[in-house]
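Some notes on the structure that comes next.
Letters are used for the chains, namely A, B and C, taken in the order the chains are written, and counting of residues starts over at 1 for each.
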């Protein structure tokens, strides 16, 4: 019976952890995207300054 | 003893939950930032087109 | 008794109209009342019998680990699964990978890629490669079987992952296995396929990587997937054997490997239920019927 309780808890924890891990992957993807956008923005701004 | 195991499982699940919530706040903040960046980029691009 | 044609006719008939299924359905219902669920017994059931359609999605979710064995955790875990899918698809929308009119199958692919750290940068988006195409084919078929988008995503993801992990090493050997069983069932057909050069260019990717997604209509396909999800990739070989046997006359008249490939890749959608039934019988004949429990 004790094993049963443990197994159940493990099942729930695994699902919860998988949800957490997905958030972490989302964070990474967002950061990559943001980084790219910032560098694009900088290029655009410097070229705008140069042409002004 | 059983109560002990249950309490421990509950504690672990709660910890996982709060880690998830924290990460979730991070991704929401990053998404807001992303949105702002997109609109800044669009403004710059449209003004660059207009001035060209 | 199994050789009694009268009986065979009857049981085939009952299976078709759904009477024989009543007993099976009852025994599945008993299994589904267990708490925790006995995943082993559910696998055995699913290997032996077709899953009643009203329980199919639920059993698949348990077999694939989308739902844990403990039924009283199902509500909580289902909520986690929904949130996880919504979190990731929301982020993909924010990153403009997907938008309101993106086909669901493409959304599923992107969610899957993000979760497995394979999402390309948005500036480096490329057309789907072979593996993406396999995923999309399975996704399109799953979409026909499953109504709920969250369930659909999870079933595709876990189906694809389980298939890769469990059978990844066996897949390259399936064409040889096909050759072996075809030699047992119809040596003349095998000889013809060999001499015409068609044997090496059968649609193996469609059969053994996409598990017949896009080849068989969903009503037949799901009966094959019952077996794959409950632990057999050998069934794929027997479906392929039965397809070849069913179109023997046509195939014997074809000598161009490309013609054979094209015909089999766009196979007629008639009689596929019979093909699958025969394939399951053949699979039981060569590999035995799992006997324990149920």
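Note that contacts are C-beta pairs under 8 Å (C-beta built on N, C-alpha and C of every residue); 3 or more make two chains touch, one makes a residue touch a chain.
What you see is a predicted model; the values in this text were computed from it and never measured.
Novice: What graph shape do the protein chains here make by touch: line, ring, star, complete or other?
Specialist: Topology of the interface graph: complete, with all chain pairs in contact.
Novice: Can you tell me which chain lies farthest from chain A, using the average of the Cα atoms as each chain's centre?
Specialist: Following the centroid criterion, the farthest chain would be C.
Novice: Return the chain pair with more inter-chain C-beta contacts, choosing between A-C and B-C.
Specialist: A-C
Novice: Whole-Å distance, chain A centre to chain B centre, using C-alpha means?
Specialist: Each chain's C-alpha centroid was found; their separation is 7 Å.
Novice: Between chain A and chain C, what distance separates the C-alpha centroids? Give it in angstrom.
Specialist: 32
Novice: Counting in whole Å, what is the centre-to-centre distance of chain B and chain C, each centre being its mean C-alpha position?
Specialist: Centres of chain B and chain C (C-alpha means) sit 36 Å apart.
Novice: Please list all residues of chain A that touch 2 or more other chains.
Specialist: Residues 8, 12, 16, 19, 23, 26, 30, 33 of chain A touch two or more partner chains.
Novice: Touching two or more other chains, which residues of chain C qualify?
Specialist: Chain C, residues with two or more chain partners: 87, 91, 94-95.
Novice: Please name which positions on chain C make contact with chain B in the complex.
Specialist: Residues 87, 90-91, 94-96 of chain C touch chain B in their complex.
Novice: Which residues of chain B touch chain C in the complex?
Specialist: That would be residues 24, 27, 31, 34-35, 38 of chain B.
Novice: Under the stated contact criterion, what part of chain B meets chain A in this complex?
Specialist: 1-2, 5-6, 9, 12-13, 16-17, 19-20, 23-24, 26-27, 30-31, 33-34, 37-38, 40-41, 44-45, 48, 51
Novice: Please give the residue numbers of chain A that touch chain C in the complex, ascending.
Specialist: Chain A reaches chain C through residues 4, 7-8, 11-12, 14-16, 18-19, 22-23, 25-26, 28-30, 32-33, 36.
Novice: State the interface residues of chain C toward chain A in the complex, per the touch definition above.
Specialist: The touching residues are 36, 68-70, 72-73, 76-77, 80-81, 83-84, 87-88, 91, 94-95, 114-115, 117, 119, 121-123.
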